[in-house]
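Below, each structure is written out as structure tokens.
Here come two complexes built around chain A, the first alongside chain B, the second alongside chain C.
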Partner chain A sequence: MAVFDGHIKAVRDFMRSVPVTDDLYQEIDCSGTPEEIRSSLPINLGRGASSGIHLRSNTYTELGNPIAGSCSHLLWTNNTSLVRDGRITLIGPDIPASEGESLPFGQILMLAGETLGANDHERLQQAPIIGDRIEGYMLKSTSDYLWARVSKDVAARGFNFEILGKSLISLIKSRTPGISAIEILFVTSSKEDVKELASIASEVKGLGSNLLKEAWKERGFDVECDFDCASCHDEPVCDDIREVIVGVKKAAREKRKAEDGKAVEHPIPFKLNA
Partner chain B sequence: MRDSRLGKKRLIAVCGKGGTGKTASIALMTRALAEHPATGNLLLIDADPAMGLLSALGVQVRKTMGEVRESIILTSKRGKSEDKANIGNMLDYMIFEALTELDRFSVLAMGRTETLGCFCPVNTLLRNAIEALADNFDTVLIDCEAGLEQINRQVVKELHTLLVISDPSSRGMETAAMIRKMIIEDRVIRCDRVRMVFNRVRGDEEFLRKSAAKLGIELAGLVPFDENIVQFDLVGKPITDLPSDSPSLESYRRIVADCILAEC
Partner chain C sequence: MTIDMKAMKLKGVERYKQERDWFQMGLNACRFMPGEEFKLQAQLLEILLDSKQVVVDCVENDQPFIGGYFCNAPELFHAMNLPWFMLMETPFLAATAPYLLADIEGSEEMGLGTDLCTAIRLPIYYIEKGLMPIPTCVLGLLYPCDGAPMLHQVIEHNKAWKDVPIYCADPPYTSDERAIEYFAEELKRMTEFLEQHTGRTLDLERLKTVCEESNRTYTIWQDYNELRRHVPSPHGWEIGGAQAFAISQCFVAGDPKCTAWFEQLYRVGQMRIERGAGASEAEGWREKIRLFWFDIMPYGWIFEFMPWLESTFGAVIVMDMFGNFPYTLIDTTSEETIFHDLAKRNLIDSPMIRQARGTAENFSNDIRRIVEDYKIDVVIWPGHMGHKDGAATIGIMRDTCREIGVPFLHIGLDLFDKRYTSIDEVKEKVTDFFKGMGLA
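Presenting the complex of A and B:
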């Protein structure tokens, strides 16, 4: 599926044309299974590895705060030749050289898998939501923006974009089946560079949104409804029916599991709240 | 000793009748807490919609929680399906955006909300998020209106200490009595202890001690009238910049050490 192939090529053009000196352009290659990559890291990965918030007083480097600027996009393809598996590219200063700095931050994830198709788009979009799973790396994100802080503690252990990239590759590959290659671009060179990257990727959101709409339509949901539910007298009816739909789906899931031989000891019957 | 029910952080709210010097009191307490090594990470929540505290502190905020609430309601009403699905992530991002971090303390301003309506689930969502944020701090100081229902709905469900600010006027004391009733009898918010501070005291100390005893509220301190505050207010200078030997600041240093840091 070639929905984002043009954008992957545009990102490559950006990488070639961005005006930075050689010392601000790094390419790192990593290989191995997600487990091998994980075991090579000096930090912990997994749920709760970086709980809470990192206050400025405990922050070594801040990335992408709303004033510095940020962008985040995920591009995927089933053409595996377009993505260089394990390649991490950094354009701009690295974390160890940026103590006390607040850097602009662009992050583009390029994923490839031969079997990937439109129906995978929704779950692939969830892949970079790594929340609290990287020790010492606090991440607050929306669908377009990333705001991250690296703690002084992990900076003292050498945390840099290579470690961040490897962490993302390990986490995404182990959590998201069907991906055979991951390439990551980080940009910290300037707000203007991040803006340019954001403009390349701005079309991605619209295309992704269309893929999601199609996927939901196939499942029988109308996502084009512009009606304001808050002003509708029939809202309680729709709320009840939504509960019914959730219940029906849950019951169907339990039934499927039981039929698959995965014993469900106490299937929960759905009921409509009074 | 800090209460395990509330976790390891100290939660202190300050309230009182308008015009009794509450804003200046909180500004001075903020400075006294920020100077004290036992305070740890300090979060100040301005839950008074008037937001006068921010200018007393000389702080500008980028976003208020009222604006966060507004964004959530508008996204829910008019947003696209994928935006609605992302409200959880958006909330986390926007609350962090609303947190203003300064060198010695952080500030979260509740602000006001434009959209009419109760939206209880939105308030609950925000309150839970604020409580989760507050968990990252050792000491949380909340500036609230005289009515305490609003902090219960929007900020926190329980407190270690409620500090009631009054001046020597009978109206200030009437409000203090009303606040005590809201805590002790109406149980508007769970609170371990209530303490009282009289501001702008000019020699009537014995009378004020007896008044506090009559109200049934333990006295945390008497703060003398301070000409420096009047002068700073007049020219709009942050109260936190008062000279270090200002009598009001010295009083609040004692109140902070004896009533907040020692008791909580």
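Presenting the complex of A and C:
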């Protein structure tokens, strides 16, 4: 299934060409089972790990405020050679160096699994929705972008993009069957870089919608609605019913008119059930 | 036969004045009540009353004002100093409108089909009966449903309204960048239309200021919604979503008074969390079922149903369609970015528009996200009789809920008319469902 392969390659081109100095470009590799990764982290993962509210006053760094710049996409493929499993790339400043700041934030998740197909697209979209599963990291409930807060508490324990990336890899692999490789790109360098990343992936949503539509069709849902009154074989029946309704209403009006001795105000001058 | 337009205009605002006076009584009562929650309600009523009074003033002093909808980019109206009211306002105030059922019956007696959404039927009735203020011009709605344009057909034919100019922004079906850019141009044309017919002009700097204030309002709303993730949720059906929607979009969008209301809302929510309070503070009560009500609230009978849900089952509306926050903040860098983001907000983000205008995936994606973020136990699709567009996606919604393991209830009712499915019947269905799912 090569629907997003071109976009994965374009993201890789972006990673190579983005104009940042070496100190703002980090590549981290992580390996191990989801459980091994989880146990290596200084924070808790899993349902309820981030229970409670992360107030603005308790925020160490804000990521992806839409005014600062934000984008998030998930690309998947069944060509496992396109995804470097466990690779986390950060372009831009890291969280520990950004106390009190609101950083632009781009996040691209690249997933691979040999058996992945169009019918998996819908469930794969669930992967980045992590709810309260990463301690001290709150994703605001937005739909088209990522807007997150990192709490002061976990920042004090060294929370950075390596930890965030590893957390995502562990959670997604454990929650999403069929995934054998995950690679993550984080971009915090500038609003322009995040915008460029968003433009690379701008087709992704439309392609995903088409995949969903096909998947729903296969499951028997009629999503086209490609019929109207003119093409419906029951149209004469509906027409008859309308005529009957008009007659009944007319008779009722006449009866009321006769009883009240007054006219109905402003009869509606068009067919309401048309 | 000529009609006395001045008399018609004054008649059209009579009901409006009654509503204003009714809410003024509510405000007076709120001001005497202690506590931060009543302060919040008082702030809401002040904003509502101001918006009603300004329309009355416009009618009485022959000043321009408009009739429109929440998804017509109301920040533009505010920036142009154009008062406005929502053509479908009364159904949303229905819980406090004692004449609602009589009006619905009146609409039926006029011959309006009972299969037509009650929220559309009522304004048709008000226009035909001369119970709605006659504005300088109307901004119509070609989306999300086919029923709404019927209201505009009535406007075009009604003797008192037929000369009121109408503009309808044309909504594309898709939600991609091309669609947003197209709709941004439609909003620009809408602005030209307003300038032409009201004599008011749009100052870009003023629009920028309004949009920045609007952003402040929405940012606090987003923060407030994060409070509702808390278990127990600090508020249920009574405070939060519906009012947040109304304050941000239905009265004066992008006004510091609205921002102040949201600041108070946040403060109240935070205070409740700090003292461990849930949606109800009745003795022995605790939150047991977290609900996502995926539609407008049942305004016609809300007081007869929602308190029952909370008290009988500990079932709390943690999120609803209009309380959800999928909004784009407006980038105020330039005229282009402002109109682009207003277009996205009003074409794609606005509640009901977002779901019913667009593709079915908005229904399933919103369910996925909201269930996860707000720890939802049950998704309720009320199945409002007017939401036939949404009815087409019930199967997809049910499948989505099955996949993510959350019970899904489809009822089938009228959110405004309690005779359609009786409240007892709704309660019975909900009770059976909760029991069947082992939740009660």
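One rule holds for everything that comes next: the second predicted complex is superposed on the first by the 218 of 274 C-alpha atoms of A that agree within 3 Å, B and C clash if a C-alpha of one lies under 4 Å from a C-alpha of the other, contacts with A are read in each partner's own complex, and residues count from 1 in each chain.
Just so we're on the same page, contacts are C-beta pairs under 8 Å (C-beta built on N, C-alpha and C of every residue); 3 or more make two chains touch, one makes a residue touch a chain.
Being a predicted model, the structure only gives us computed values, none of them experimental.
Applying the stated contact rule after C-alpha superposition, one finds that A:Lys140 touches each of chain B and chain C. Of the two partner chains, chain C is the only one that A:Arg253 touches; chain B does not reach it. In the superposed pair of complexes, A:Gly100 makes contact with neither chain B nor chain C.
By the touch criterion defined above, A:Pro66 reaches both chain B and chain C. A count of residues in chain A touched by chain B and by chain C gives the higher number to C.
In the superposed model, A:Ile129 lies in contact with both chain B and chain C. Residues 52-53, 55-56, 66, 129, 140-143, 147, 209, 212-213, 216, 223 of chain A lie at the contact with chain B in one complex and at the contact with chain C in the other. Residues 51-56, 65-67, 122-123, 125-126, 129, 131-132, 138-144, 147, 202, 205-206, 209, 212-213, 216, 219, 221, 223, 225, 245, 249, 253, 264-270, 272-273 of chain A are the ones touching chain C in the complex.
Partner chain B is touched in their complex by these residues of chain A: 52-53, 55-57, 66, 129, 140-143, 145, 147, 209, 212-213, 216, 223, 228-230.
Residue ranges on chain C touching chain A, taken from their complex, read 110-113, 115-116, 124, 128-129, 150, 153-154, 157-159, 174-177, 215, 222-223, 225-227, 229-231, 270, 273, 324-326, 328-329, 331, 349, 359-361, 364-366, 368-370, 372-375, 392, 395-396, 399, 403-404. Of all residues in chain B, those touching chain A in their complex are 41, 62, 76-78, 80-83, 86, 89-90, 92-93, 96-97, 101, 106, 133, 135-136.
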